[in-house]
Structures are given as structure tokens and as C-alpha cells.
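In the part that follows, the structures are each spelled out as C-alpha cells.
What follows is a pair of complexes built around chain A, which joins chain B in one and chain C in the other.
Then we have the complex of A and B:
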């Protein structure tokens, strides 16, 4: 083999780069796999089934955002006789009050960086703001 | 015909993964065994190829230059196009690898009435290649979020920049669109340009179709066919793969297995195909040699070792025979002692 001095370090760098996730995970503490927490209030019904919400909640929230904010269409949705005002704070967070456990645990685990909280407040923060006014 | 074959092959692969992953127990084959196998073939195959290349001697300095080589002091040396030191070679290689300067010089030739032949700069290939390769690279980096636990912050920044337009939810990435468009453009280039079409083979079309299918299945999985695509569940499997303890928790939709199977085929096919240009670009003698053939003697590594043999030495070796054959010698035989 010619040019051993460059070929071998090059190959070593290549193999280390490709197997980078193995080394990274071996030398870092693994996070626990998130488990969804049901609403503390004990609500069992949502605007859609659990599987559908798991798969499509981001699509639903996006549609609501566009409808309510951009088209000024604020009609509530009625599912199973219960009326929901369409909004993250006005609907979702009413039951799923804990953002850390309900939203962040999965999003952090899978590096889904949502921009909901650029505008929205969690129930705790919203309540705290109300008190100060 | 050649592109029809590529499409049929990819459709067959999709069917294999789709039907195969429905059989109970088979998700472990498609989600665990094949990814490991493909990765081993990829690493082993790439190392084998590079070692084989490194074993081939380079008999001549064959660097290609496109500028004035280093010469007399008052002649301006083009350091990038005719590099004469290792540093200049590194700079040239770096720009070749990140900006595809060779493709930038692509020309097209046409015959006009007369007949005249004309050569004209053709930047399309360079442009399509940039779109395709950078999208591919960005997608590979973004996929690290599924393999690293905890996810480092810089992957989040990368995703932010890639999804800068914040279109839809989940966000569309620029690189998703770039890869699909890049595949389509490179494919149509092979079909539309007649001379390129003439020299294109099935093994030129197949990787393009395969990468296109990988991109499309990935997009379908992210945006459209979301049944049983629970990212937490999938990340458990992918992190399991790199911590060597893979488990498939809940049921995963077959689009995931189709995507993973196509990727496995792609990376197992890598070392034995034109895709090895990712390593080959570093080992191109026309690019990685110094342009110093007048300053330094390039010795062919397979030359036999021949020592210089002077006439005096030659005569020393054969004097006796020369004298016997009456050939004049410069130095007579020394008389032996018994005479």
C-alpha cells in the first residue's frame, strides 16, 4: 500500500465519523424514554382519538392557528357533545396543564423544536401574569 | 430501457419491504438485522475499496492543471490551479470537495452547420450537483437527532436553519425539497442531454431512482402516511441500534420499513458503485498530486531497483573474459603470482 501515512489516518477518521452516534451515546447519559401523562383532571375525551392526535396534533394546531388568527374564523368545534374553543391555551392546555410533561418530554427527546411558545403561555405563566395585573 | 430497469428494481425493493414487514417477526429483520448488515457492508466495503486504490501505484505525475505552474519568479504562479506545495494541494482539494470546481468547468459541445464545432460553458450540472449534494448532506446531519440521545443543541440549530421558512407542521425542510428536486434535475439531465443519455447506464440511473425513492418515502412518512409513525417509538429503535440493544416497542407503520430498507440497500450498494466517488474524490491523482514534476523527480513505484554500473566496474567484472576474447581493455589483467 502506498501513502500509508495519509490513507490510514483518513480511513480511521472516516470510520470514527460514520460510527459517531455509537461513541456519542456510549459517553453520554441516556435520557429516559418519555411516557405520556394523562390529564391530571381525569378527562378522557379529546377532539380526536389518541392515535389520531399522536399522529396529527401538529397539523390540527396549525390549521387552528391559520383559521383563528389569519382567517378570523373563531367558531368552536363540537366533538361528542362537548364544545372546544380552537386554541392551544383555550382548548389543549385546559386539560393537559403540564407543558413539561405533556409537550416537552417527547419534543425534547426527539429534538422537535416547536415555536408555539414564541407567542403562547403555559397555564402557570398565564395565571402568574394575571395576578400581577 | 436502462431507466425502466432502475424504476422496476426500486419498485421491487419497495414491494419486498412493504409485504415483508407485514409478516409477524419480520420487522426485526427490516428494522434491526438489515441495518446492521448494511452498515457492516458499507464500512467494510469502503475500507476495502480505499485500500485497493491505495495499493495501485501512480506511475506518472498525472495532475491536471488549469493555470500557470510554478516557474521563474517573474511569471505569476496560479497557486490554486497548479499547486506546487502540499498546502496548495489541500486548498485545491478543499474547494473541489465543497464547491465542485471541476463541474463548474463543465462545457457542452455542439456541431453547427458548416460544419463548425462550438464549446460553451454549461453550468447546469454544477448547479444541480450543488443542490443535490448539499440537500443530501443536510438530511444526513438532521437524521442524527434520531440516533443521538440526548440530542446536542447544534442539531436543533441545524434543523432551524433548514426549516427556516416554517411552512406547515411538521415543518418542511429546504433540504427535503432540494433532494427531490435535485434527483429530478439530475435524472432529467441524463434523459434530455443526448450525449449524456448515450453514455448513461443502468448503474447511473439506479442510484438516482433509489435516492429519489428514499426521499419520497421519508417525506411521505413525515407528512402524509402518519399511521403508526410514533417518533418516540421510532427513536427508541434507532437509539437502540446505535447502543447495540435494539427493541421494537409498539407497531411501526410499513412506510418506515420501506424507507429503512431502501436506505439499507443504498448504503450496502455504496461501496460497489459510482457512489464511491465520495472517497474517490480524495484519491484522484489528477487532483491530489503536486504540480512539481519539473522540480521533483517522480519515481514510478513499480520500477525495479537498478544500481548504476560504470564501465570501470563492468570491465572489473568481465576483464578475464574480455582478454580471452581479444577485446581491448583499459586496464590489463594483473599477472597471477605463479608466473
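Then we have the complex of A and C:
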């Protein structure tokens, strides 16, 4: 091989540069995988298993929305002996009362912009402005 | 050559005759179809099954502006409707207005003092033939088949405001600004809306599902001025009152078949 002394160090530098994001991320602390927490109320059960919810909660929310709103099947779900009216505010956020930890931590990490809260009231707003009478 | 021209002229004449008589044939065929369409348009209710409706007995509400305000307040509180001043930006699901505005086609000269001076409770009529549903390009406004409620899916509304043009009752309001910061208190069980969507009365579909009455009905319960029920059920309370009393509807001549009735 001609110019072995230049080509091999050149290749090494090239590979290092191309793989920069991978090894930089491995040692950097700029972003950490969100740490999940169970609901503060101590509820252990959800409408589906944790893996299923993690993968398909958005599908479930859409199905609930269409069923409750468009088909007018305003039925409840029973989880752990307690009835919840299907809906983001009336079911999910009843246990997962911390939106920052439950929703935002993962959505921010994965750069997902949800528009739920354009209309739906966050537990914080609901609690702060809850009418007293 | 001459002979050919002769045949051509004959043929042309025959074609012209056929062309002239064609509309007659088409018209003859069209008549039965049009007749049946007319029968359906002016006949009885077309939709079967449950059809929820409201009867407002104004005799119990004359001079009781406090009750009208109470109904509005109750409705707007449970549905997170903000209070915005000004005709352009205000959001209203149920409100009070003068007779001449509520019953445009039925206002007369020399109306009685009580008619002239009273205010009437108006809201979405949940029509059997709703123009807002016909014009909605995204089907954000639709008829709930189970109940006959003209409902809205705010997830789908793109804010084009065709429905506001379509509705002859002005029952729809547009969110010109984000309503959430304007809410002083909220009902945590119901969502708010966002900037750029249209909203209106939903006949308290969410309360009915829980076995509650609509908020306005509950608010004026002390005088029993509003009766809510199934218009297609001959044994319902509302039907019994409708059978007994003379009632009017807002702009019935438009053929929208409102589900809100008035005793004035």
C-alpha cells in the first residue's frame, strides 16, 4: 500500500469524526433518559400494562376520544375497583397528577409536541382555579 | 348531390325536433322524484330514535332576569366558558335576548308590553336539519346518532367559521383569543377550548351521561321553567306538555326543525 502512514491515521480520524455523536453522547451528561415515577397517590394499576401504555397510550387516547365524543359511548372504565370516566382529565390525570413528570419529561426528551393542553386543563390549572362553593 | 342535401336537411330537422322535445321528457321523468323530495322536506320528523329537546316556559320566567342570568351562569361555569366583553369576542352557549331578536319572523306590530319588555332565553336549537352540520368541512360538528344532539368535536375544528355563517340562530361563538387564561374558576371535569375554534351548547351531553340534568334546567328548577326530554318518546314529560300547550320555535319557517320549543 502506498502512503500507508497518511491513509491509516486519516481513516481513523474520519471514523472518529463520523461516529462523534455516538461516543459524545455516551460520555456526555447533557441529556439523561427520563426516570419514571409511579403516581403519587400510590395507584399500581392502569387500564393496561405499563409496556402497552408506554407504546400505545396515544392510540388509546384517540380511541377513547372517538368513542366518547363521536360515538357518544360515555362509559366508564374500572381500574383497581375504582370507576373513571374515560378521558384525559377525568381518568389519566386523576392518578398521574404531576403533568411535568408524567407527560412532559418523556415528551420533551423525545421531542414530541402534544397539543392536548391547548384545551384540556392541566391538573395544576384545575387545582388552582377549582371553584370553591 | 341534390338528393344528398335533401336527406341531410330532413335529418337535421328531425334532430332539431328531438332536441326541442328532450327537456319535456326529462321534466316528465323528474316530476315524481321532486314530489317525493318535497314530501320528505315538509313532513314530520325524519330522524327516528331518541331526539333530545328542550321546552322553555317563558310564562314562568317573565320578570325574572335573575333566573335567566342564573341559567347562563350555571351553564358557562360547568363548561368553562370565559366571560369576554364585547359583541365580537364574547362566547355564549345560552343567553338572553329581546323577543324581536329571538323570534325574528314572529315579531309583530303592537306586541304586548310583556313581549316587548321581556328577555328570552336562547341557545343552540339542536336542529333536526342542522345547517351547521351540512357546512362543516371537517365534520367537527355532527349529529350524535344516539341522542340527536348536535355535538362538536373540538379536536377537529379548524376554525373556518362556516358553521357560524350557516347557523340562523347565532348560537355559535368563535374563540378569538386563548380562553384558558380568562377563566376565573374552572370545572376540572370538563376541558376548555383553544384559540381559533368555534364552540356552542352541547345539551350537557357529559352531564346526561352521569344521570344529571342539563345545567340550565337545574338552574331554573325552582320555578320549573325548562323541561328537558326525548321528543320522539310519546310518554316523555316534554311531549305531554307539547301535546297540551301551544308552543313556538325560533324561525321554524327555515325548515331546520329546532328541538327547542317556547311557550310565550
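What we mean here is this: the second predicted complex is superposed on the first by the 97 of 133 C-alpha atoms of A that agree within 3 Å, B and C clash if a C-alpha of one lies under 4 Å from a C-alpha of the other, contacts with A are read in each partner's own complex, and residues count from 1 in each chain.
Criterion: a contact is a pair of C-beta atoms (placed from the backbone, for glycine too) under 8 Å apart; a residue touches a chain by one contact, two chains touch by 3 or more.
Note that this is a predicted model, so its numbers are computed, not measured.
In the superposition on chain A, no contact is made by A:79 with either chain B or chain C.
In the superposition on chain A, contact is made by A:109 with chain B only, not with chain C.
Between chain B and chain C, B touches the greater number of residues of chain A.
Look at A:118: by the touch rule set out above, it reaches chain C but stays clear of chain B. Once chain A of one complex is fitted onto chain A of the other, the partner contacts of A:126 are limited to chain C, with no touch recorded for chain B. Applying the stated contact rule after C-alpha superposition, one finds that A:38 touches neither chain B nor chain C.
Looking at the shared chain after the overlay, A:69 reaches chain C, while chain B stays out of its contact range. In the superposition on chain A, A:89 contacts chain C only, with no contact to chain B.
When the two complexes are laid over each other on chain A, chain A has residues 115 in contact with both chain B and chain C. By the touch rule above, chain C contacts chain A in their complex via residues 77, 80, 142, 144-147, 149, 151, 153-155, 180, 183-194, 197, 205-206, 209-210. Within the complex, the chain A residues that touch chain C are 65, 69-72, 74, 85, 88-90, 115, 118-121, 125-127, 129-132.
Chain contact summary for the complex, chain A toward chain B: residues 1-4, 7, 10-11, 14-15, 18-22, 24-26, 28-31, 33-34, 51, 54-56, 58-59, 61-62, 106, 108-113, 115. Touching chain A in their complex are the following residues of chain B: 39, 42-43, 46-47, 50-51, 54-58, 144-152, 155-156, 159-160, 166, 168-170, 226-227, 229-232, 235-236, 239, 242-244, 279, 282, 301.
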